[in-house]
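This is the structure, below, for whatever I ask next.
Order as written gives the chain letters A, B, C, D, E, F, G and H; numbering starts at 1 within each chain.
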Amino acid sequence: MTSHPTAKPSTLPTGGGAALMDPADTLVLLLDHQSGLFQTVKDIPVADLRRNVAMIARLCTLLDIPVITTASEPSGTNGPLMPEIHELAPHAVYVARKGEVNAWDNADFVAQVESTGRRTLVMAGVWTSVCVMFPALDARVAGYDVYAVIDASGDPSELVSRTSLARFVQGGVKPTSTNALLSELHRTWARPEAADLAQLYGLVAPNYAAVMESYQRAQQAARQSS
Amino acid sequence: MTSHPTAKPSTLPTGGGAALMDPADTLVLLLDHQSGLFQTVKDIPVADLRRNVAMIARLCTLLDIPVITTASEPSGTNGPLMPEIHELAPHAVYVARKGEVNAWDNADFVAQVESTGRRTLVMAGVWTSVCVMFPALDARVAGYDVYAVIDASGDPSELVSRTSLARFVQGGVKPTSTNALLSELHRTWARPEAADLAQLYGLVAPNYAAVMESYQRAQQAARQSS
Amino acid sequence: MTSHPTAKPSTLPTGGGAALMDPADTLVLLLDHQSGLFQTVKDIPVADLRRNVAMIARLCTLLDIPVITTASEPSGTNGPLMPEIHELAPHAVYVARKGEVNAWDNADFVAQVESTGRRTLVMAGVWTSVCVMFPALDARVAGYDVYAVIDASGDPSELVSRTSLARFVQGGVKPTSTNALLSELHRTWARPEAADLAQLYGLVAPNYAAVMESYQRAQQAARQSS
Amino acid sequence: MTSHPTAKPSTLPTGGGAALMDPADTLVLLLDHQSGLFQTVKDIPVADLRRNVAMIARLCTLLDIPVITTASEPSGTNGPLMPEIHELAPHAVYVARKGEVNAWDNADFVAQVESTGRRTLVMAGVWTSVCVMFPALDARVAGYDVYAVIDASGDPSELVSRTSLARFVQGGVKPTSTNALLSELHRTWARPEAADLAQLYGLVAPNYAAVMESYQRAQQAARQSS
Amino acid sequence: MTSHPTAKPSTLPTGGGAALMDPADTLVLLLDHQSGLFQTVKDIPVADLRRNVAMIARLCTLLDIPVITTASEPSGTNGPLMPEIHELAPHAVYVARKGEVNAWDNADFVAQVESTGRRTLVMAGVWTSVCVMFPALDARVAGYDVYAVIDASGDPSELVSRTSLARFVQGGVKPTSTNALLSELHRTWARPEAADLAQLYGLVAPNYAAVMESYQRAQQAARQSS
Amino acid sequence: MTSHPTAKPSTLPTGGGAALMDPADTLVLLLDHQSGLFQTVKDIPVADLRRNVAMIARLCTLLDIPVITTASEPSGTNGPLMPEIHELAPHAVYVARKGEVNAWDNADFVAQVESTGRRTLVMAGVWTSVCVMFPALDARVAGYDVYAVIDASGDPSELVSRTSLARFVQGGVKPTSTNALLSELHRTWARPEAADLAQLYGLVAPNYAAVMESYQRAQQAARQSS
Amino acid sequence: MTSHPTAKPSTLPTGGGAALMDPADTLVLLLDHQSGLFQTVKDIPVADLRRNVAMIARLCTLLDIPVITTASEPSGTNGPLMPEIHELAPHAVYVARKGEVNAWDNADFVAQVESTGRRTLVMAGVWTSVCVMFPALDARVAGYDVYAVIDASGDPSELVSRTSLARFVQGGVKPTSTNALLSELHRTWARPEAADLAQLYGLVAPNYAAVMESYQRAQQAARQSS
Amino acid sequence: MTSHPTAKPSTLPTGGGAALMDPADTLVLLLDHQSGLFQTVKDIPVADLRRNVAMIARLCTLLDIPVITTASEPSGTNGPLMPEIHELAPHAVYVARKGEVNAWDNADFVAQVESTGRRTLVMAGVWTSVCVMFPALDARVAGYDVYAVIDASGDPSELVSRTSLARFVQGGVKPTSTNALLSELHRTWARPEAADLAQLYGLVAPNYAAVMESYQRAQQAARQSS
């Protein structure tokens, strides 16, 4: 059983957050982000999808959130996992499956999840309606608090995407987005990782990267003219 | 009373799936997929709708899932059922109605459903908001576990489509999609029907067919150059 | 207190419909369909909205469903009610308000509703988010079974429209559509009004009118060639 | 602790509104409407978003509804609050934060909310999925009745916007819109502020401003020709 | 050869219009507006398309513009012509074809056009890319001044629609719209048909019908209060 | 005949601009921007349309570009001109028409245009396809260089809007946009009106207003910290 | 040099068609419809694209129109040609390239085109902006009459698609669509291939297939009841 | 005057390309890609825009195509140039302007263009309608062959974007796209830069990157199993 990193001493504010996820109890599951499956995604551009997933990998590395990945038949037509995940989150643990479509059908996968002791599962994957939906519903039944990151996942049409969102809510899975996940784990700018976190906002919202560039130039201009 | 096929000995993994449909308890109801009604569908292109419905017919044949079909006034303006259903699912049982808009209002139809002994009903039809909604809500009241396959059904506008999705969830009907249905019945690649199932993915996600073509050519090229 | 028509002896099938509205208990409320407010509707083309509302008026006349209408400051900028409603549903009862935005805030309106003895309220109006939402939520609290006809109503943007749909569901109001209302009151083709009802389908789905025209010509051609 | 204005003696009708917000118990929270964050908003045009927020500021001033504002790192890249808020709602109270992303994590902010004694919180902000979602969920847990004004808020994509709406409903937060908020606080035209309120409708629905212009000209023409 | 009506003595202004069509030289050709073909139209809702075509029929009757209609295999699957055309333009001349897809391939049709002596041809039909395009290009080669009314015609996709527009311009055919045709033939409110023409604007722009309703009510209110 | 202002001594750079409009030869024609017609515009939100037109009025005042306005039956259902035009461009000359739909059919209008001696006409109006198209084509025939400002004009559908654009190009009218007009008259920041012009960019692109706010705050922050 | 089939004795009408393509002079070029490239197409769903291309293959076989195909690096990542082309058009001639992106850069390809003696080239391919554009522009310069079938081709975004359309027109290439190509080669129902051609219309417009099904059932019903 | 690199000895095929740009005569102009202006772009996501521009920078470096950049008031609110350009194209020459909106108004800029001796200008910038349009039209008048890369540029709305495209065509400027530019300079895979060029296709079409990943894995799998 692979060991997972321990979360840093919490820097979170203590006044609020009763309804928010606790980073120290959070485990991220990245499911079947594979090159063949990406071609079938139609509810988000594949460049945005990959950038969002890569951001999550960076975020987990930065904040020591454990990550488990898995793939469905990666030597077959589904294709390999996008390599950015393990490059950016070297601590991520990969679990091979034995043909199961639903990762929760694989005993090794469930055991790996259980080994972390964490009860808040953040899931993303392709397809949303299958590779996220099935383990999310199963984990919910198993008593976990489950989040589905809609825009770090992908579905084969807009109509399917709306359907998945409704089914998650019906099944007690909490739908969220990549930017919200970033902020929900971030929680405060008064922490040592603030500068690194700021860069991540430019990934979930590319216009924000331009905002930062403009800001720096404006300050530079102000200093030069003062 | 028509007899329905018995499901094959289960090849499903046993670890998970607590929240998923059990193929051995599942009955597919295809409701009023008629040529005249197709002209009024505006939330999905009719070619996609028919391909999805045809895929479900193939899937049910492949996995021995029983199917019941029905039509509303097929000699009238609503037009005949799309012929692909019974061509691809020759075991499907057709129930004639006596003018009822809601299939559940027809005693023969309900009796046919009951005769299967199955309690998980997967419904699709045109219109979603009527021909699926009415029997789905009624079956829910009657204690069945009911799924509505949104993209194997059709509604007369996007606005109506969003409305139907909300009403399903409110009424305890589980919204799903054709690709999710395929995967939820498929469950594992470690089964004898795997090759046939793979072909079906190319129908629910046409880009996947091209993925498979590319894969085969890439392997062929590798073998020729090795 | 104005008297309402009594419903015709029921022609409905008796086998199903447990989850559907009972026409004999149904009252339709058409709220603030006014020419000035129509200009602000952006989630449905105004021609479609008016055609849907006019269809409901015809339907209620055909099936003896009582109708109450009201308007918000019709001599002011909100403009007059669309005249088709009272032309097509001459039995509709108009209730004047005294400035209240929420029709349920007007005692005369509530009294008129109560006088019908009906407990299933079908509401449509402009704006959905206000003129339908407020009385719908209030009626729900007062114990009525409430339906909101989304596409016989209108909101000032798509974003508001989606928001209204969510708030209805949250508040226990059942969202529905004009075509579903037609079918839910129609219930069976084995009734004397069938030919008239068929015409109404051409209004909720204009392609269906062309389907009927093609059907008649095809039959005529068949008879001429036989 | 800053004092908040007392609501005017109620002019509301007494018959209905059981399900609606009580203006005398309502507090408006405007969260992080900052120029840098505006650039990342993709589910509503920024001109519409600002006009909606400015309308809320005017409305609160007109009806003596207390307002609390806050900003996230306004000297940094997130940028300053849009100046219209405090210009149009001079009674609004600004609470500085100490780096917390979630305003509810800031003790001063929560204390300021509590000091008003009001239990109905109307929230809007950028991003919807973060700056509104987190305090909304936390306030819900703390027992408040919470509304999220979807179109006076903004999210970085349509997909995220739909996700936020679903998560609000799941968490017991009531989604609403700027026009509905206006009408829900307005409640009746039989009040002294009617003329001023009428102007506000031209902001939430710009076509309505043209309706009013046409109306006045039509009346002027009628009087001149009579 | 059928006789065509003579245009009324011109009421047009004489100062401008050098670049506009001359009503006295204009002939309207309505091509293959058939119920079966309508089902394939995807660049405009069929209700809008029919309303536009019906408006043109009314307009031609009102202003004595000659009309020629034709249909492609109307006893076959293409279906009958929409009946509104000949109902609203009883002076329209119908030319039967002998199987030709392109009306200009039919000698009777061309002879009928020539018999009018008019050289400005306004064409509309289904499909735009075929039934309008082919005779439009042929007529252009034959020296006619040709207009294609894009929104009184229909194509099987948005992509095809944009393609047709480009091909028309490339071929020297002038693209126009139903509302522009109305105005271009209307030309001045200082004519006896003004009141009838005003009603037609409510058909090409349904919001305009509501504008007229509001106007009348505003004037009525002004007169009552004066 | 009303006198028009003389352009300021040119501050333009002399190196380029051979293909651009000459401000000293430019006349702006604002045609039928009326409240009743605004309700029928569907290719641009009415708030954006009015803001664009108001920007043009400000721009012409700032740079001393002459403006002529006109309206079609402003006491009738078409409604009054939007008042912002003459408020923001007090030098604009209004020409009344005598019922002509096409302003170029009105001799007074043409005379007013000719009186300015300018040969570059920039036109905007509602509808684009009629009130701009007809005088634009006529003026082109009369030898003027004509620009149509597409987004300071409005058409009753997207399909009509695309059609109008094609017809303008075919007729030799140059299509342009409000932001391009601003820049084409602006030409250089090295001019005394630069600060005022900067504000106008925030109107044609509302995000730019937020860019300016962020910039000022960033500089203020830099200066405070230096 | 491969021999091409001779066209059947013409069955075309002789009255019109001066502006239309001559089937006896037409050569169809299908360029780089490869599985890898299909994944990058975003202006048309890949299922529609393949169905359109397959229809063209059938059409050319049915009417003896010669076809040339080619592929760009089909053993590499671009992937193999879609197999339907050569299956449905066994007479198509495949020309291998030597790395050239532009088929017209390949001498064998140009020689093969020239060998047919035909001067009307109908091109389709992926990407439209490259694999169709480059040979189309080159062939135009070489004096051919060139058509680009927009919806049997594909581009990587809607924006690129609109750009390609404009560039074709500018370069003298005629844009057309699959349905128009079918009709332009079809020309008349009075030909022996009529029944086969009718089936092809169900491919270019899937709703038409349902129209035909309804028609047959309506006739069958008429005959049974007569 | 800065010296520009000499193009590599041509590796282009010689048979075709008469209508295509000659790399040895091509100069790329990147105009005002600034962080402040990016916030106003609404016809393409800013991430896509930047990725396209960065690809062009890489491409020019790889193929020794000279590049000139310029910016409009980069110390002001328009913000700095996106840094990727000069990072990826270190040979690019930056020309400062003196306030001119139109780069062609700046004598230094025109001199720099002329110094290259190249007559084929490929332009991209923000806004398309201004920063690309003005120099493009001016350069066209000056006799250059001018291309505008539509999706490496940006405009403030979809409507403006369509307008710009039409105006380019009207003015004799050739519209193109980033992917077409890549292919038009690429021309053949039989060149030493082929592997590097292949990577660039993954930037202009992100799905292509996944195609390449799948291809490599498929080949690896084939080799392992052989």
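Basically, a contact is a pair of C-beta atoms (placed from the backbone, for glycine too) under 8 Å apart; a residue touches a chain by one contact, two chains touch by 3 or more.
Being a predicted model, the structure only gives us computed values, none of them experimental.
S.K.: Using the touch definition up top, find the fewest steps from subunit E to subunit H.
M.R.: 2
S.K.: Just going by residue numbers, which of B-C, C-E or A-H has an interface where over half the contact pairs are the same as at A-D?
M.R.: Overlap exceeds half of the contact pairs only for B-C.
S.K.: Please flag the chain sitting at the greatest distance from subunit D, going by CA centroids.
M.R.: Most remote chain from subunit D, centroid-wise, comes out as G.
S.K.: Residue numbers at the subunit A-subunit H interface: does the shared fraction exceed half, giving same, or fall under half, giving different?
M.R.: same
S.K.: Quick one: subunit B and subunit E, Cα centre-to-centre, how many Å?
M.R.: About 44 Å separates the centre of subunit B from that of subunit E.
S.K.: For subunit A and subunit F, what's the span in angstrom between their mean Cα positions?
M.R.: 48
S.K.: Taking each chain's centre as the mean position of its Cα atoms, how many Å separate subunit C from subunit D?
M.R.: 31
S.K.: Could you give the separation in Å between the centres of subunit D and subunit G, each centre being the mean of its C-alpha atoms?
M.R.: Distance between chain centres: 56 Å.
S.K.: Residues of subunit G touching 2+ other chains?
M.R.: 36, 39, 48, 76-77, 79, 162, 166, 169, 207, 210-211, 214-215, 218, 220-221
S.K.: Per the contact definition, I'd like the list of subunit D residues that touch subunit F in the complex.
M.R.: 35-36, 38-39, 45-48, 50-51, 74-77, 79-80, 82-83, 206-207, 210-211, 213-214, 217-218, 220-221, 224
S.K.: So in the complex, which bits of subunit F are touching subunit A?
M.R.: Spelled out, the residues of subunit F in touch with subunit A are 211, 214-215, 218-223, 226.
S.K.: Sort out for me which residues of subunit C touch subunit B in the complex.
M.R.: The touching residues are 12-13, 15-20, 43-44, 48, 150-151, 161-162, 165-166, 168-169, 174-177, 179-180, 183-184, 186-191, 194, 198, 204-205, 207-208, 210-212, 215.
S.K.: Subunit E touches which residues of subunit F in the complex?
M.R.: 36, 39-40, 72-73, 76-77, 79, 98-102, 104-107, 110, 127, 129-130, 133-135, 137-138, 140-142, 155-157, 159-160, 162-164, 166-167, 169-171
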